[in-house]
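The same chain A turns up in both complexes below, where it pairs with chain B and then with chain C.
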Partner chain A sequence: MSKHSVAPKAVPAATAVPPREAPGERRTLAGWVYLLPSVAIFAIFVIYPFGRTIITSLFATTPAGGLTQFIGIDNFVTLLTDPLYTQAIVNTLVYVLLTVPATIVIALLLAVLTAQDLPGMGVFRTIFSATMGISVAAAAVFWNLLFNANSGVLNRIIEFFGGEGVGWLIDQNVALLSVSIISIWMNIGMAYLILLGAIKSIDDSYYESVEIVGGGFWYRLRRVTVPLISPSLFFVLTITVIGAFQSFGLIDMLTQGGPNNATVLLIYRLYRDAFVNFRIGSASAQGVILFAVIFVISYIQTKLTEDKVTYQ
Partner chain B sequence: MPFSKKSSGRVAGSGLRTSKSGLVATYAVLTIAAVAIGFPILFSISLSFTPLEDIINGVFIPTSLFLDNYVNAFEAQPFAQFIVNSVVVGVAGTALQILFSMLAAYALVFIPFGGKRIIFLVIMATMMIPAEVLVVTNFQTIRAMGLIDTYAGLILPGVATTFGIFLYRQNMMQIPSELKEAADVAGLSRFQFFVRVVVPMVMNTTVTLAIYFFLVTWNAYLWPLVSTTNNTARTVQIGLRTLNSSEGLSDFGMMAAGAVITSIPTLLLIFFGQKRLQEGMTKGALK
Partner chain C sequence: MAKIVCKDLKKSYDGKTEVLGGINLEIEEGEFFILVGPSGCGKSTLLRIIAGLEGVSSGELIMDGELANEMLPRERNLTMVFQSYALYPHLTVRDNILFGLDVKKVPKAEQEQRLAEAAEILGLTDYLDRKPRALSGGQRQRVALARSVCSHAPLCLMDEPLSNLDAKLRASMRVEIRRLQQQLGLTVIYVTHDQVEAMTMGDRIAVLSAGRIQQLGTPLELYNHPANEFVATFIGTPQMNMAVAEVAPEGLVLNGGLTVPLSEADRAKLPMGQRWKIGFRPEQVYPATATSVHDTEVTVVSSEMMGNETLIFFDVAGTLFTARWQGQHRIADGATLHVSLDPRYAHFFDVNTGSLLRAAEDLDELGVRSTSAAGAAAAAHIEAAPAAAE
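On to the complex of A and B.
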């Protein structure tokens, strides 16, 4: 959802097609008529540009994107030997590590607590899912108002307690962490909502058997809840990791990659090369690299889901 | 909130047997989390009604009903136009996404035709390709079609959705095949069966997807940024971006007002549709 349009990606595709067709009905072309709108859009706006991106990544290009000369993997070599690009890779990996575990742990804890049948839970559920409705642009503005060094309320609070104000978005040692905090805040909503649904669908009988053994809260969480919702946890893990690799809006709104390139993430670099510097060949190569990374993550997720994850 | 409660004394879901200390801890953690998560939004709403002089002097709570920040935001950028644009793009985009995925799922579930397995696998495989990889070429395509700065250019690349097709297909496979046979006996055509039987039976999925698609379309950032160059079709998100790059570090109250305006429709949607979304998301995650 972009907000980094984290459409739930990477759902395992393996389910067979059990047809609801009447037996003996003749195969017809009618199926393709119903499929045509979607297939045409996929062809023009997904499959064609995907192929075109791969091809363009192997060429030198004009600023308008025309192909001038086949150069093999030169675009990739240039990128991977560019210290600013490798810094973007490192920044992105750090960003993934800063955001993903925190998002999932917080969302899981809140989901476990609010899945209880207690008064007032409806209010908490609404608050915790609220950030799913906040766009990346609005989130950036909300947090900029908290962070802003001159009259930002966070620094006023810190200074009130005798601390020293923090250059949240202008200190190159802190900026990526600050953006990560916003990202965690934004992503909790969706992760929470999925995990809450999964926990609520666990059958009570599982807990009854634990009660006989006499296990406490953490025991139940570790031995019952987490194993039983592991497919959903894996799904949330995957979309959060992929979402982190796709992060762009917060950087564009708040830091433009600065200070001193400390917050250049992969998509921000791709955007700059494609739409500001008009290096279309390089931008396409960056797209291919991003695809490879996300493909590997999805593949690992699918494999692990098939092999290890418990289904109810 | 529209949450159904299991009214047994047991605790649903988490299996927490509620001891007194457990209850206190639960409410303490939840309250702290609610304050931390709600604060950025509430703080900005408060700032949006506070005069700039007060904000600069450290007064963050409005002392009177002060609306100038909103007036200023609408004057600094054509927000009314942006909102109209976002509504058109959000509603039309959502409607087409619903229609196209419903039709495609219907073909995949109810119509026999050659190549079905392959086309289904191809559709599922497109999920692996992130939109950011496609944005450069799609920009060139939309430009070649002359659709930069148009609603069509904003909407078209996103109207086919794997997630929608997938969810509808899951739902339609639960429709008993006897219904199809009865419809054939009654002489319903394929299209009549679709309109009169299938569409009403998947209404729950439609509501979930409509909420989800509208949220995603309204909040979209990268494609609207790339595919608009002026205010004619520009969405409210990119309007907020423009406001931010000119006033982001000076007029705090006006920025807060702009962000609040941008968030109202989707916050309302979450407020009323949260349970629907949760059920749909869970289905999408589990199957």
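On to the complex of A and C.
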């Protein structure tokens, strides 16, 4: 009897369907599984190094990068009170101001001038975008020959016309400008190609409308071209600004920061401290500062331009 | 004086192939003039030449009495409505409508006055601060029209302006554009490939094919007296039924296979042994009645009931003919049908050149006849075939 009395209770327990996961939960789990590869890559190569850099910046370190003692914001204080570091900040800002507007304006004008489909235009388009395919090392060699104070072509030309040669890369008042010119030359290719693509995708009827009302070159540029390529312009502006803050190759190959620290940029100083002087803690702090500067400038730039960018 | 005159206007891009081969036409002031033709016929090129967006290879373009071959677009005092509308996505409706008035140095106050007028006429007053992306297709179209209205130019060129709209909106915009043109007294040159737009909107139509004007005339002239086979088949929906015809002892033989019986009166007009291209409008293929002389037995391929009318597709010795009958006729595919193919209502074309030899007889009378005959015949058809009645 007791068995009988137990059995009815046991049966429902034995045959009861295990509680199923709600479909929503299963979907969430599946979502995470799909995301796992990219989350893992992102975590290993971005989040961990970023976190590790912030932590390292708060410590005194061994030359191998081992943490020895927590020192708070000492690394930052030391940097910001170091006149050479503040000079690097100023150099970088000047470099950004010299290269970014010039790169974009020249690339835009070249793109506008070569957007028409005339015979032979392909040659110009190839030439104007060619610097994209030139490595920094090749450009450095080439420009070094041009800029060489004694045997460089530029000084030869200046002297031919009776001028006095310029110490392009060895005069501390000129060196940053010289490096900026090379940087502009190198970056125009990419900016030009992006802007040309954007201009070419503008429907002809927009320009024909202007032609019918009688607008000239500048009217067309101001009222049609620039507004209609504003997303691409914004993209080029962003990558050029970030690229300028991270300029390293040219400096390392042409001036090594000289003469007299005139061309030391933030990223070059960071490299010297990390891989030449092995001051890993200070280098990490510089990485954090550089990140903060780029972040703030990108944010301001986005805020300033967002109502001027029209996505179709 | 005509507003626009084209004298032997030619256009070639490569010096060999002529996109336009000798265009001669005159467009009067205040006229709604249509350029119609299939894709690639040169109609848009002609419009762009008139706008000044393309040059002329040879010939003369005269606008308001002045030679305009070398005139800049802005000197021609015209506006253009593009197929894509050319509305600037970064500008509001207001700025889009006013676009270009600053170049023409129209004072601010007058700009505002013109804007208010144009917005009022086109019902855009409530949308002036919106961006084009927040508008429907029809509203965008109206903004493009408002820009033309606002410019106060007497000549408006339109390049397939309705082709991006759905059928219903297209029908209402047809009426709206026509009303606007009449209200403002504009001269409009309108390019389309849609012959319904051409027929319903134009004062006159130029039908183009392969860079040449095939025929120039009023919509009904083109419909009733098509100059050639191309115009005959291009104008009219469904298109004219065409077949090669020849008179034989047993009757009129179509495409060498289908024989239409002929009366003595027909035989007197149609010489034995001669061949033509013959064309019947779908509405002139009537249901045969007990007394029909031209009673011809055909096999139905399919039919489409539109509610108010029925389209019946039948085989004529390898060519598909269409009949358009008023009312609702339920006809099975593959059924045998008796139709009347009266040669009096047919257009005759030269079998080699395609040019019109004889238009359908007395078309005004035919119009009256077609209404009453179709009604009576349709009734007879339904009585005779109970299965066909719905």
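We adopt the following convention: the second predicted complex is superposed on the first by the 260 of 312 C-alpha atoms of A that agree within 3 Å, B and C clash if a C-alpha of one lies under 4 Å from a C-alpha of the other, contacts with A are read in each partner's own complex, and residues count from 1 in each chain.
Just so it is clear, a residue touches a chain if its C-beta (ideal position, glycine included) is under 8 Å from a C-beta of that chain, and two chains touch if they have at least 3 such contacts.
None of these values were measured; they are calculated from a predicted model.
J.: Let me test your reading of the model: by the given contact rule, A:V296 touches which partner, first (chain B), second (chain C), both or neither?
T.: It touches nothing on chain B or chain C.
J.: Who does A:L97 touch here: chain B (first), chain C (second), both, or neither?
T.: In the superposition, A:L97 touches no partner, neither chain B nor chain C.
J.: After lining up the shared chain so the two structures overlap, which partner does A:V105 touch, if you call chain B first and chain C second: first, second, both or neither?
T.: In the superposition, A:V105 touches no partner, neither chain B nor chain C.
J.: Regarding the shared-chain residue A:I134, is it in contact with chain B (first), chain C (second), both, or neither?
T.: Only chain B; A:I134 stays clear of chain C.
J.: Looking at the overlay, what does A:V224 touch: chain B (first), chain C (second), both, or neither?
T.: So A:V224 meets both chain B and chain C here.
J.: Please work out whether A:E211 is in contact with chain B alone, chain C alone, both, or neither, and reply first, second, both or neither.
T.: Touch status of A:E211: both partners.
J.: Between chain B and chain C, whom does A:I44 touch in the aligned arrangement: first, second, both, or neither?
T.: Once the two structures are laid over each other on A, A:I44 reaches chain B alone.
J.: Check the residue A:V77 against both partner chains and state whether it touches chain B (first), chain C (second), both, or neither.
T.: A:V77 contacts neither chain B nor chain C.
J.: Quick one: is A:D203 in contact with chain B, with chain C, with both, or with neither? Answer first, second, both or neither.
T.: Touch partner of A:D203: chain C, not chain B.
J.: If you lay the two complexes on top of each other, which residues of chain A touch chain B in one and chain C in the other?
T.: The overlap between the chain B and chain C interfaces on chain A comprises residues 206, 210-211, 224.
J.: Show which residues of chain A lie in contact with chain C when the two form their complex.
T.: Touch list, chain A to chain C: 203, 205-206, 208-215, 219, 223-224, 227-228, 230, 310, 312.
J.: Taking the touch rule as given, give the residues of chain C at its contact with chain A in the complex, in rising order.
T.: Where chain C meets chain A, its residues are 51-53, 72-74, 78-80, 82-86, 88-91, 99-101, 103-104, 131, 133, 151.
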